[in-house]
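Here chain A shows up in two complexes: once beside chain B, once beside chain C.
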Partner chain A sequence: MARVVVLGGGVSGHTAATFAAEWLGSAHEVVVVTPNSKWNWIPSNIWVGVGGMSKEDVTFDLAPVYAKAGITYKQAKAVSINPEGSETSDKPFVTISYTLAGREGESENVEYDYLINATGPKLNFGATPGLGDANGLGEFTVSVCTADHAVHANEEFQKCIEKMKKGERQKFLIGTGHGLCTCQGAAFEYIFNIEHELNKAGVRDMADLKWISNESFLGDFGVGGLHMKSMGFAVSSKIFAESLFTERNVDWIIGAHVNKVEKGKVHYELLDGSMGEEEFDFSMLIPPFAGVGLKAYAKDGSDITSTVFAPNGFMKVDANYAAGSYDNWKASDWPKTYQNPTYDNLFACGIAFAPPHPISKPMSSPNGTPIGPTPPRTGMPSGIIGKAVAHSICDRILKGKDAPLHEASMAHMGAACVASAGKGIFDGTAAAMTIYPVVPDFEKYPGTGRDVDYTFGEIGLAGHWIKHILHHLFLWKAKLKPGWTMIPE
Partner chain B sequence: MIREIVTYPTPPSVEYATDVRVFDEEIFSLIEDIKETIKANSLEALAAFQVGSYYNIVVVKKDDGSFLELINPRIISQSGKVTTIEKTAYFPELSAKVTRYEAIGLVYQDRDGAQHSLRADGDLSILLQRKIDYTFGSSFFNKLDKEEKKLFQKKLEYGSDIAISQSCPTVFKRDYIVKVINALLVVMAALLIGSLFTEKSTSGQLFNYQSYLFLASVGLNIIYIFYAQYEGKRFTSCTSCQIGNIIGTAAILLIKLSVVMLLSYFIM
Partner chain C sequence: MEKKAEHNIKAYGNNFTTMTPGSFAIKLRTCKIWQLIRFIVINIKMLIVVNKSH
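Our next item is the complex of A and B:
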């Protein structure tokens, strides 16, 4: 009997674990190690952050779902990996530390045959002074990265609405809290949902909304922008985004590295090296992501973290990490199987794998500060990658050690993104976008690097309906309700 | 090499706006071509897209005759708003009222790939914003407000700026001619009714007046047809089918006149 251990129960890890359990059946064991007791459909957190949904709407308890699927669930966080085993045993294992109430801090070594690292990101609030520290979110800004953060964000937001109703003008600053953030899409959704809710509350005229981001142009979204083909012509997401921001009267600061947050004020550096300040009454700034800080040890106990992990803490996989400068970047640099090059029973998926380089053009200020989005590995691609990794491992268990691995390169993968710009059955809006491939392939598609026939976007009410339907659909799938395997990632 | 400038209605390419990644001879020769095209057409600036290339390059001719080469330009700061009338080589002979930022800050790369920054205001700021629109697959069309966009669509349809008025008048001068003809018709009808109560000789004299009035009305109707057409051409943005209206109005007037004149002929 083989044991597959999945570290992390987010979109990617949960997909990998549930499919692995489905395909392997009861003959083999699937273990999920995640510090959380609840599963969170993160894309809907932005609605929790404006009071459109409750925490219960976007989360559910993992234990009953894993019990139903026959998955061994350990509510704990992974601390280290021993891919070669210990001095007394050749069996590789992972050391975990329980977070389960009543067993906090208890340590255990979990042996594995195959390990999937889907630990997601560490929300690195400590990277920007004032944004937070090693313990997490600071006191000056809010976040929508977790359901609890989103609940807190909504409490602060409602306070602002009350102030505006009393005639006090409020300034909202939403965006990225560091020069190397990803996930601009979440902040984009949040600012427009705020705008929508302010309108609904009848206090829009009392609010100034401003966007601050590390993108070098509005609409970059961490994928170097996209070209939307619509009604016979194609237009850049920059033009699309600028139109939307102008239409909704949202101002923007672009190419900015937020380097310090104080009470009611952020300090930032722009791509041209100039420094600026921006005041706020309410601010949601996405933190940069880092690896969760897993360590790796060799058989003799020596530290091999740098062999298994990249310096940013994400796990090395079959990517070309020596691609060099921007002009040398190729689609083939991106990983296909997500297998660790040193240990072939070690895989990483979702945000946990180390990307070879950004997708957007790398830029830095004359002061040497890198300012540019890091590549997104969330949403649809992370689900697809999780499933492909699970498939590879199941094949190796069921068909033999030489079974070919399944591939899911982001350079061969399309992605659909539905970005909410306001929630409401009749007055909601969302921008529905598809992009193919996620990572531009300049050799195959000279010019933009993408196939414009499969890259398009549209904004409107139908987009919101799709977003809302997807919310229920993916929760249905994650809860493993009837027909869940047929719902795509 | 002087290149042909892409103009409307050739749609924006779907392969534009890719950042320059490799700074090689292909790029340098493209920049030289853009410069020659600017000189040959006496332009202020061109984006690479305007000569059919998808690279993110803008070349601006400075006042002293030298050129500013901007590779991969990005606007990263902006302040103030200003509305001016703009022209661009993509829409030859046409202009539109566009609202832009008064001052901008941008970063760009030179031929060696080194990054620079630039602050621009006044005409240069507007020019750069217009050119950078092209590098992202757009033109000033997408920057127009709703009213201006409608008007500009008309300009595109007629291929001209001049014959377009921003608003459609509610009263045309030609309507005054119709009013005069109608007044004459009333007089003619009054004469016709009056003739019923007069002697035969007076009635014959009244018929003479009736004939003069008829000829004057027909003459005015002819003037109306020509003047109305002239006026219609001045307001091409008005959507109603003006030619149809003019012919219809003239025909109705002529029928009315003919009926009155025929009755007058037999009664008077």
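Our next item is the complex of A and C:
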């Protein structure tokens, strides 16, 4: 009997674990180690953050789902990996620390035949003074990255609405809280949901909305922007984003590295090297992401963390990490199988794998401060990669150690993104977008790097309906309800 | 008079060089019949991209 251990029960890990359990059956064991008792459909946290949904609408208990799937569930966080075993045993293992009520802090070594690291991001609030610290989110801004954060964000948002109703003008500042953030799409969605809710509450004219981000142009989204076919033209996402911001009367600051947050004020440096300050009454700033800080040890106990993980804490996989400067980047630098180059039974999927380099062209200010988006790994790629990795491992268990690995390169993969701008069934709208491929391939698609026939976007109710359907569909799938395997990632 | 999107443009400001939708384009975004057609079209396009990605 083989044991597959999955670290992290988020979008990618949950997909990998549930498919692995389905394909392996009861002859083999799938173990999930994840610190939370609930699964969270993170994209819908945006609606929780404006009071459109409750925490319960976007989360569910993992234990009964894993029990149904025959998955061994350990509510714990992984601390370290011993891919060569220990001095007394050759069997590789992972050391975990329980978070389960009543067993907090209890440590256990879990042996594995195959390990999937799907631990997602550490929300690195501590990278920007005042945004937070090692313990997490600070007191001056809010976040929508977790369901609990989003509940808190909505409480603060409702206070602002009350103030506006009493005649007090409010300033909203939304965007990224550091020069090296990713996930601009989430902040983009949040600012337009706020705008929608302010209109609904009849207080839009009492609010000033401003976007602040590390993108070098509006609409970069960490993917170097995209060109979409529209009205017979290949139109840059910059035009679409600027148009939407103008239509909704939202001002913007771009190319900004937020370097300090105080009560009611952020300090930032721009790509041209100038410094600025921006005041706010309400601010949601996405933190930069890092790996969750897993350690790795060799058989003799020596620290091999830098062999297994990149300096940012994400796990090394089959990417080309020696591509060098932007001019040398190729689509083929991006990983295909997500197998660790040193230990062939170790894989990483979703945000946990170390990308070879950003997708957007890296830039810095004349002061040497790097300011530019790091590459996003959104829900669809995270799910597809998780499934491909599970497939590879299952094949190796069921067909033999030399079974070929499945590939899921972000340079051959598209993504569908729907950014809502309000939640009502007939008054909400959303920007529905597809991008193909996620990582531009300038050799295959000269000029834009993408296939403009499959890269498109438009705003309207239709996108909004799709967003609603996706919410229910993905929760259905994650709960392993009938037909779940048929729902694509 | 309803405020038009282009009224938000500030001369020589951040948004001076962008395009803004007219009232017809904005109406279409919430026109249920048109959006039903777009819903079908977008779903087909998304399914093609999803299919090409797996």
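Things to note:
Simple rule for what comes next: the second predicted complex is superposed on the first by the 488 of 489 C-alpha atoms of A that agree within 3 Å, B and C clash if a C-alpha of one lies under 4 Å from a C-alpha of the other, contacts with A are read in each partner's own complex, and residues count from 1 in each chain.
Here is the rule we go by: a contact is a pair of C-beta atoms (placed from the backbone, for glycine too) under 8 Å apart; a residue touches a chain by one contact, two chains touch by 3 or more.
Source: prediction; values computed, not measured.
In the superposition on chain A, contact of A:Ile239 is made with both chain B and chain C.
Contacts of A:Gly273 after superposition on the shared chain: chain B is touched, whereas chain C is not. In the superposition on chain A, contact is made by A:Thr448 with chain B only, not with chain C. Legend: residue contacts after superposition of the two complexes on their common chain; A:Met363 is shown touching chain B, with no touch to chain C.
Judged by the document's definition of touching, chain A residues 239, 243 lie at the interface with chain B and also at the interface with chain C.
Listing the residues of chain A that touch chain B in their complex gives 216-217, 224-225, 227, 229, 232-236, 238-239, 243, 253-255, 270-274, 326-327, 329, 361, 363-364, 366, 442, 446-449, 452.
For chain B in complex with chain A, the residues that touch the partner chain are 11-19, 21-23, 54, 72, 74-77, 105-107, 115, 117, 133, 136-138, 142. Chain A meets chain C in the complex at residues 239, 242-243, 245-247, 249, 251-252, 380, 384, 412-416, 426-427, 429, 432, 434, 436, 454, 456, 458-463, 465-466, 488-489.
Of all residues in chain C, those touching chain A in their complex are 5-6, 8-9, 14-15, 17-21, 26, 28-30, 32, 34-36, 38-39, 42-43, 45-46, 48-50, 52-54.
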